[in-house]
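Read through the structures below before going on.
In what follows, subunit A forms one complex with subunit B and a second complex with subunit C.
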Partner chain A sequence: MTTAEQAQSVIRTGNQAAAEGARLARVGVVCFFPIGPSDEVGEHLVEMVNRGQLDARVIDLENERSVINAQITATQSGVRSTFSTNSEGLVFAYQPLIWSPYARVPIVVGVAHRSLEPPTNIQTDDHDTIIFRDSHWIQFYCENAQEVLDTMIQAYWIAERHDIQLPVFVTWPGWEVSHAAMPIEVPSQEQVDEFLPPYELLPGRDLLTLDMEEFYSNASRSGGEGASYIEQRYAIDHTLNVVAKQAITEAHERYVEVVGRGYGGLIESYRTEDAEVILVGLANMATRGRQAADAMREQGKRVGVIKVRTLRPFPSEAIAEAVGDARVVMAFDRNPVHTLFHELRSALYSHPGRPAVLGRVVALAGRNFSSRDAEELVDEAFAAIEDPAAVDELSWRMETVAD
Partner chain B sequence: MTTVEAPRATERRQPVKPKPMQEYIEVFGNLPDEKQGRHFRYCPGCGLGIAQSAIVRAWDRIGLDPEKVVTVGGSGCYAVMGSYLTASQAHMGHGRACAMATAIKMSDPELTVITLQGDGDGMAIGAQHFVHAARRNIDITVVIFNNFVYGETGGQHGPTTPRTTMTQTSPYGMVENEFDIVNMALGAGAGYAARTTVFHAQHMVRAIEGAIRHKGFSVVEILQNCHELWGKRNGMPKATDMLAWYRDNSVTSAQAAKLEPEDVLGKFVIGTWTAPDRPEMSEEWQKLVARVQAGEVEPSKGASSKPPALQ
Partner chain C sequence: MSNDDAKAREINLVCMSGQGSVQTVQLLARAFFEQHGMRVRTQVAPGGRPKSSPVVSYLKASAGPIAGGPNFHPDDVLLFWSGLLRVAANRAHPTVTDAIARQRSGNLIINSRLAPGEIELPYKFSGAVATVDADSITNEILRRDPPPVGVTMAGAYIAVTEVVELDRFLALVKERFPGRLGEQNVEAARRAYEEVRIEREVVGASQEVPHPRGPEDRVDPLSRPPLPVLISEDKGRPRGYRGGAANIWRTKIPVSDDQLCGCDNMCISEVMCPDNTGFIVRKGLPHQGYRVDVDLCRGCGICAEVCVYSALSMANEEELMRTNPTYEGITVEPFINYSGEGGRS
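What follows is the complex of A and B.
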């Protein structure tokens, strides 16, 4: 049987795709606490459990902090778990979310992005997971429902590898992806089982047969007044920025081999080979970039796009390689702290060509960001080639033009 | 520990005046321009409208000065209610109302502080603030709109969902037990707790009035119809279905006291419960500060202090 025959074509929203991904990963614990637009993921999983399509226990707790603690405990007990939340829910669960990487607990959390409050808002931007940038979480940003499903499965493989043992965010834009339906290919259970082995604890890390002498994840007890603190932090940082980078690329290659679909691993480049201007964005900001690049190329302007799939580890080397001889790199930052702009500047500081790096804050809280908007920003980038001083390095796009 | 009180005779002699909602809101001054002509954002038939009406009627009966009233809310269908009232409102994250209300009362004990909370907000993510505010006996009034589900997010089950009933996330029936909000409050130290329903509108007004008049922590649980998300999944698709259900399944605390326990099972016992007075937090702090400043009390002398006589 070929790959195409085994897989199933269906119409799914981003949230449904995330639930399908968790189901195929054979999660044993489904955690739930409602918050729009993420709560549908849990609802679909509860339905799957009730219908017997998924053999899992549903744990519905009183807030997100309790839920993340439950996920940590389930994972430390050797059970794969799933949970999706966003914005206020993530911020509320800050303490156990920070605990998980430093205790080396490989949980996977789905995030259908939602803007942080106040003001009260249910629209979407990346800020809710961007603020976890500096906490050694692996972070994937997905562009559409298909990528959500595929990344969800890969996330467990990466997180649970015995040489990684770090938590992973799999994120997708709220509403625009979470509630937009598209045709997707759902891999067969056999394919996923071939790609993703059952979750196995590191030897000596089983919470249920805990030997405190061996159990180093509980740093406060075994570290002895912080004796091994710096060594543990070094190991985690090295794991994230070196080991995980290789593992993400490897996951991509293996997934392509088994399922037949991929997104380039750390980054996905589009028409960058001869580009003078390169647009960089997370998730569906790259979609806008590609539309603008196609339109500009018809005018003879050489524009390329890099979709950054992982904010952490930040793929500095892959980006530098894709940037090549480009003159201007422009970040489409869908967060108010212009993270991508700073990351790119840092990554390209020692790049031989030293391209100008510009930052544009766009589409906050679901503000319209049309391909015409993107094209106008590309014009600014070309103006920077002529006269760098004439263009703002960092600016906010608040007015928009319709497509 | 608790005593059951029947509605007092004086209350019965003073029926609630049938004033229209708008007039009660105007009692507290003119609406700002941006609120003029605005319609309520509740679903058609939602019990929140009746509950909101009862709250302002209770204020009217007490004669509260809107300048001295603060409502505190978090997230949920009810969260817009504060903006329909002309009293000040404070709004924060999901479940934080009791913590915020405690701070407001401590900073200005002259204020009447009322939290407006949903059952998901107050009993799940905000439950710790609720029980600690009750323990401290801070003089605030907590109004819990209990519609059995997380309404704003689509009707998922929560800590107040009655066992065996259907919700978005318990389509085959809720398996967990639900909170008894009144007993939880009294157990945690509240001096006044009431349960009422949106069908029992006049009782609701008196319950809220009593709660606000009570010196100390007080709670009013309002059983509120969410026919859209809970009723529709449980055979009561219309607002009137649920109101009739509350009518037919409620007994007063006085009636319940005369019934056999098994006859009370499955009924909503409405009424008011009080506990003996305990010191109120904001007042105790003021007293302590005054006594320290007057040199009447001294700090611990360590090991040479006298063993305490617990009160």
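What follows is the complex of A and C.
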């Protein structure tokens, strides 16, 4: 690390980085309800408010459900807000969380992943936000503290754009990123202000100035809001899968322009150009994939890695382009419902050459998943090139080999 | 493992929750970063939900780029509680076993009253072993029981390895914990720096501890997992011997005066026990009495606090074990009888 790099960097954990991101986004409301491992985000933000580094109102309520409702209300009144929770907290707040995309409330919720119970466990896997896959939330999966910070700032830009108005999850693995410190570069407030404009409500959506009598009168004369249900759902689906995809790419490009750092937009590919086997993972599963790819390349085996940054919208086109002529695509799924495997299958079904898609469920609840484990799975992928019938399409990796 | 990662220095801090490895590992990471301009990564593996479970904090520091996640090849291991050696040797906890027993060389710093030569290393290791009585030092200065020994252990670590400058590290401690708490921690670290005892060439046992979740441990996930074995099947061991149950870290244990034990129907201590380890025994004893499962009791003292007849008192376990290594009158066997007969009434 050069001295110049060192001078610009500070040591931060994933949770601290998320708090820094919210501070730089100038949030006006800090919502808080504790649940490990993501409660630290709120703690850091409260500290910032107390030290006068952040001009925001702290709201701590009795449970996650109330907190999400408070966030929705704040956002509907034109105030940017932040909140981080995970696992049981998300499940507890299911109702308002499902409500927010369909009410077009652009809230941003941070999630430091933790496995769902039972059995009791505080370790990490993706399952807690995977269950929101089918609810039109935009979902980002971050690999390290630096990406958490940058994505947090981009999330507000994407969510609040007037042609999007959808809520965003910014997620990072609990403990493995949330409590993992590394040197990160924090952009200046000027840079962030240049990138991220202040939050402005959609015209006519400001509940404080809206003529409610007129609003309800109009609604009832047009047969009620429910009369246009299917049209509204179509608009949301189109917004998520078409408009948001472009917006995420655009946000990324603009962020690179202003701050000078990026992660490839919807996906981040690594050595995929000539690869025969491509590993696909969310967040730090891609880290293990890259380690394995480097090791296998030294043996002359052509392995590439795709890190999927957004599970929703699912970047099917970008993945198909990066997969190219690869023979086998293997998903490292860190959830018991093997979502990534199914998503890849649908995305690559109409891809010319149609590679074999394999799914491997790994590292649930913080189970060790070493780079040697990843290498063994890559060997299975190469075996599938020889004889596809000899290899399980979907299997679970429970044991681990030492590095 | 990529080549860059192989060059990284790996440090594992293994503690019971509340002993302070999470804060310490971040302070050490900052020291490596600020003093040497090294790239650093830390990670934390919590052992489980209940308090008093093991926590492992990992630190990687390298001049070159490093990937996230531990590689489990520690150069240095800091053991905040010496009982964790036995946990690792018995493979009683996978994360702890991985973090400790796969160290083959380097520096091992143990929080213990014993001299380094007196420590028995139950796994293959050759390198430097250092001991420091961090519990007593921290307890004396911070007056907390159980003491948070993190910064104290870091002081000993710096004395052994000299990888970072002590004074600059302690400045970070003061910055992280402003006020009196920081000063007390600094004082404790300085004492540990001076009092640590080092033996440079120690050779441990010859056998390697197999990886706790290796292929040979594969279980059929569709078969019902066996009930956890709370008492050892090994009849050669003394009754009530703490055979490395990983979630126990206590200094005190409840002792029942059976003559005073008087509640006939409902025992409030039994109800209040947060771990369901204490229970009234009414059969097979001359008089009914309160017994605990010594493999699970955390020594919190709630039972003694709430006991209506004041029949329970908390005794220092180390002293008690000198006269009563079998826990006679404290525990009964079988501790938990699933057939519904015997011990638990």
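Here, the second predicted complex is superposed on the first by the 381 of 403 C-alpha atoms of A that agree within 3 Å, B and C clash if a C-alpha of one lies under 4 Å from a C-alpha of the other, contacts with A are read in each partner's own complex, and residues count from 1 in each chain.
The criterion applied here is as follows: a residue touches a chain if its C-beta (ideal position, glycine included) is under 8 Å from a C-beta of that chain, and two chains touch if they have at least 3 such contacts.
Predicted model, so just to flag it, every value in this text is computed and none were measured.
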item	value
Superposition on subunit A - do subunit B and subunit C clash or fit	clash
Contacts of A:294 with subunit B and subunit C, given as first, second, both or neither	second
Touched partner set for A:60, first subunit B, second subunit C, both or neither	first
Partner chain in contact with A:180 - subunit B first, subunit C second, else both or neither	second
Touching partner for A:131 - first (subunit B), second (subunit C), both, neither	neither
Which superposed partner A:284 touches (first subunit B, second subunit C, both, neither)	second
Touch count on subunit A, higher of subunit B and subunit C	C
Touched partner set for A:394, first subunit B, second subunit C, both or neither	neither
Part of subunit B, among the options 5-13, 23-31 or 167-175, whose backbone runs into subunit C after overlay	23-31
Footprint overlap on subunit A, where subunit B in one structure and subunit C in the other make contact	120
Interface residues, subunit C side, partner subunit A - complex	1-2, 5, 22, 25-26, 29-30, 33-34, 37-46, 48-49, 63, 67-69, 71-73, 94, 98, 102, 211, 213-215, 217-218, 221
For the subunit A and subunit B complex, residues of the former touching the latter	32-36, 39, 42-43, 46-47, 50, 58, 60, 62-64, 88, 91-92, 117-118, 120
Footprint of subunit A on subunit B - complex, ascending	75, 79, 91, 93-95, 120, 123-125, 127, 150, 152-154, 156-157, 159, 168-169, 171-172, 176
Subunit C-facing residues of subunit A, complex	1-3, 6, 9, 11, 13, 120-123, 143-144, 175-177, 179-183, 284, 287-288, 290-291, 294-295, 366-368, 370-372, 396, 398-403
